[in-house]
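By written order: A, B, C and D. Residues from 1 in each chain.
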Amino acid sequence: MNILRRNVLKGAGAAGAVSVAMAAGLLTPGAVFAAEWNKAVFDSKDLGGVMSAVGGAGAAAGDISVKAPDIAENGAVVPVEITSNIAGTESIIIIGEKNTLPMIAQFDLSNGAQGFVSTRIKMGTTANVRAVVKAGGKMYTAAKEVKVTIGGCGG
Amino acid sequence: MRKLSSLLCTLALIAGGPAAAAGINIEGLARTCNNCHGINGVSVGQSMPSIGGLSEAYLKQILMQWKSGERFSASMGRLVKGYSDEELAAIAGYYARLPWVPVAQNTDARRVAHGKDAVERCVTCHGDTGSEPDDDVTPKLNGQWAQYMELELMKYRDDAVKMTHKKMRTNARKLDEEGLKSAPEFFASQK
Amino acid sequence: MNPVNRRAFLKAIAAASSASVLTIPARAHAGVKARVVVIGGGFGGATAAKYIKLMDSAIDVTLIEANQTYTACPLSNEVISGHREIESLQTGYDKIARRGVNVVHDFVTAVDPLKKTVATQGGRKLSYDALIMAPGISFDYTAVAGYSEDAVTDMPHAYKAGEQTRILKWQLQAMADGGVFIISVPPKPFRCPPGPYERAAQVAHYCLHNGKARSKVLILDANDSFSKKGLFEQGWKALYPGMIEWVPGAGDGKVERVDVASRTCFTGLNEHQGDVVNLIPPHHAGQIAVRSGLANAQGWCEVTPMTMESTRHKDIYPIGDACIAGELPVYDMPKSAHMAMTQAKVAAGAIVAKLNGLPVPQPYYVNTCYSTLAPDWGISVVHIYRVENNQFVYVKTAGGISPLDAPPLQRKLEAEYCVGWFNNVMADAFA
Amino acid sequence: MAEPMKIRASMAGDSAEVKCLMNHPMETGLRKDAKTGAVVPAHHITNVTATVNGAKVLDAQWGGGISKNPYLAFKVKGAKKGDKVVVNWVDNTGDKNTAEAAIG
């Protein structure tokens, strides 16, 4: 079950995204974007609201690792790798706690996809990168602080 | 001479002097200047000026003008902003107490001869050979690097950069293209 | 000498000596001549040896360097582009020998930090009171699959100036118009942070003015940002439009594997075939520093900010490219000649003070680094470091890069100052 | 039309690792143009899906917080050499892209 789907009716633009995609002929039976894009959550500037929308942070878990640099020299490109060793991991959500728009991405995993995603995210300032994991219907979380150096000497 | 200066280095390291009273290791600080301006402020590079033996007032003024941004610099401003006013004053004092050493350099005899006329406006302040400036905020020019002086003149002639000293701006612009090269060569050739 | 200045000068000596007569002979009384050994005769090592001798001629200073002739890395990109002969970057050690430094051309095989001895290939065994460790860098040839030390003639790194520089130059000269010149940049930290990007400009300049204007420089970078990035990108665009492409690590720029025979670089998702491949392997502190137990897990030597003394072994001072200091990845001290020299001077001051039983002098760290994109287009970066609470602190209110919106005069001045800087650092270190 | 997406899939132990690199500006809608001062409208990928031999393994939603020219890697257990991996994305303007690769 898709976590964000619960909020789909609140997200006015979400249905729009799907219809645009359909109109573009993209949605074939094999590649349905089941998770309609949840505008309400992605456009929210309220970290607390985002956290509750994704199902709450849940318990802190040592079985989740958030790999990211201690110091990012370029806040526009911060490599993040999340591994969840919790059995039955269904979703991984990435949140930038101090980003203007905290919700960064949600990955729903199925058919053998492991609890692992690696991507690169934007961070405006020094903050936690938080991973929220849904596994077996329960929520878990872990975070790592990334220092973002702004300005810099360029040297 | 070399022995003397190395002895001075050692003694100053130990004894300190006025700068040490202010918590400044002036020998250590000045050593960082050597990278570009040479030991004892005697430069070996054509575009970098010698600074040892220039007057304290001149050095202090120019360092402070760079720090405030009042005077254009390509890189010195970025350096001196890292130091306190006291440190910059100590640097000025340190180099002012060193001897001025005119550097031997290749000059073109024809240019030097032409330069003698071209420097007509310069000598009223810098002295006939550049060795006896009119006041203590005017630098010596005798035996200074010719290329450095030419680059300085280019700064005074270019409206795109902000140079203090109106008189220099006016006079530098009065030089023709040949004068721009020969005036520096004249002073460079002086002992 | 100007008589006025001479008087002031002698007066200064008199003032200084009256206070110091009592302290100077402290070691002389003990009747022991202090010994300092310097490993490595690059900018850092040579400067340290010379300045220790300048500060206290009673100290016995031995500089151990394998090569008779040193080839400087700064400005070596101009050799590749044909703007400069490699001989102009070379120097011997005769002048610092004349200053009283005992110069030994040998290769250090072992350091015993406990017995405080150094052993060499030539069978020498030297003991030291203080050791300056300035071996520069060693390459990790196994980090990129398919590469090896044998491949350096096919895919030269040209990141130690000398024969490698020449090979890269010849390969560039042999490249046809329309060729692709690949520069592979290793993960930070590496020697000369702006080096690869200046090289790209110099290669493009050569191509543009030697009938190879359709050629391309492709920078495959393991990193997502680089030194003076904005200035370089602006310069590349203005001087060599369309000729230089930079692929960041985030854009799949990290070279993971190479095929030397076909001059192909494999990144995570792509392969790039070059006509010339300048592969700069990842590197770490010179082997001898690592084998002496001075390096951290990443292969660099950590130091005490006040003195440059190793945090691992007493009385050893790792300086220059071998050390790591300040906050990575942005505010660490760059591995440059200028930085190595100011580190050398701090270490020299600390050693002389210690051997004379004096307090640790206040250290001053400065870096200035010029890059030349074209004969009248220079840019620079300045770093000032202070030591506060025994930490390296980058002074953010000073330093920084040349302004982006600078007038042409500034670019020209900086190109000229680069040469003046080079002449002076060569003299300050080696003469 | 966006430039093609790069995709590579290879076996590592009993899992396939899939890496993709997409070409996209990923504008958040918050950034101001340095010259004009005008807000650059949001333009970013919103959905990404991946299938292995037609079976969906990944279904993602993205905001503008994913970096420009996005990189994505994931692992699929039970996949084997030669299986076909297809990755699709669509953005908030309806632009879309697809790429496929055989697991090597």
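For this structure, a couple of remarks:
In this section, a contact is a pair of C-beta atoms (placed from the backbone, for glycine too) under 8 Å apart; a residue touches a chain by one contact, two chains touch by 3 or more.
For clarity, every value in this text was computed on a predicted model and none was experimentally measured.
Comparing chain C-alpha centroids with the centroid of the full set of protein C-alpha atoms picks out C as the closest.
When the C-beta pairs in contact are tallied for A-C and for A-D, the bigger tally goes to A-D.
Each chain gets one centre point, the mean of its Cα atoms, and the points for chain B and chain D are 59 Å apart. Distance from the chain A centre to the chain C centre is 42 Å, each centre being the mean of its Cα atoms. Chain A and chain D have Cα centroids separated by 14 Å. With touch defined as above, residues shared between interfaces to two or more other chains in chain A number as follows: 77, 79, 120.
Each of the following residues of chain C touches two or more other chains: 250, 382, 399-400. If you draw each protein chain as a dot and join the dots that touch, the picture is not a line, a loop, a star, or fully joined; it has some other shape.
Taken together, the chains touch in the following pairs: A-C, A-D, B-C, C-D. Residue ranges on chain C touching chain D, taken from their complex, read 250-252, 268-270. By the touch criterion stated above, chain A contacts chain C in their complex at residues 69, 71, 73-74, 77, 79, 120, 149, 151-155.
Chain contact summary for the complex, chain A toward chain D: residues 2, 4, 17, 20-21, 23-24, 26, 30-35, 37-38, 42, 76-79, 81, 94, 96, 99-101, 103-114, 116-122. Those residues of chain D whose C-beta lies close enough to touch chain A in the complex are 15, 26, 28, 30, 46-47, 49-52, 54-68, 70-79, 86, 88, 90, 92-96, 98.
Within the complex formed with chain B, the residues of chain C that make contact are 1-2, 5-6, 8-9, 12-13, 15-20, 23-24, 51, 53-57, 338, 341-342, 345-346, 349, 352-353, 356, 358, 361-366, 368, 380, 382, 384, 386, 395, 397-400, 402, 407-410, 412-414, 416-417, 419-425, 427-428, 431.
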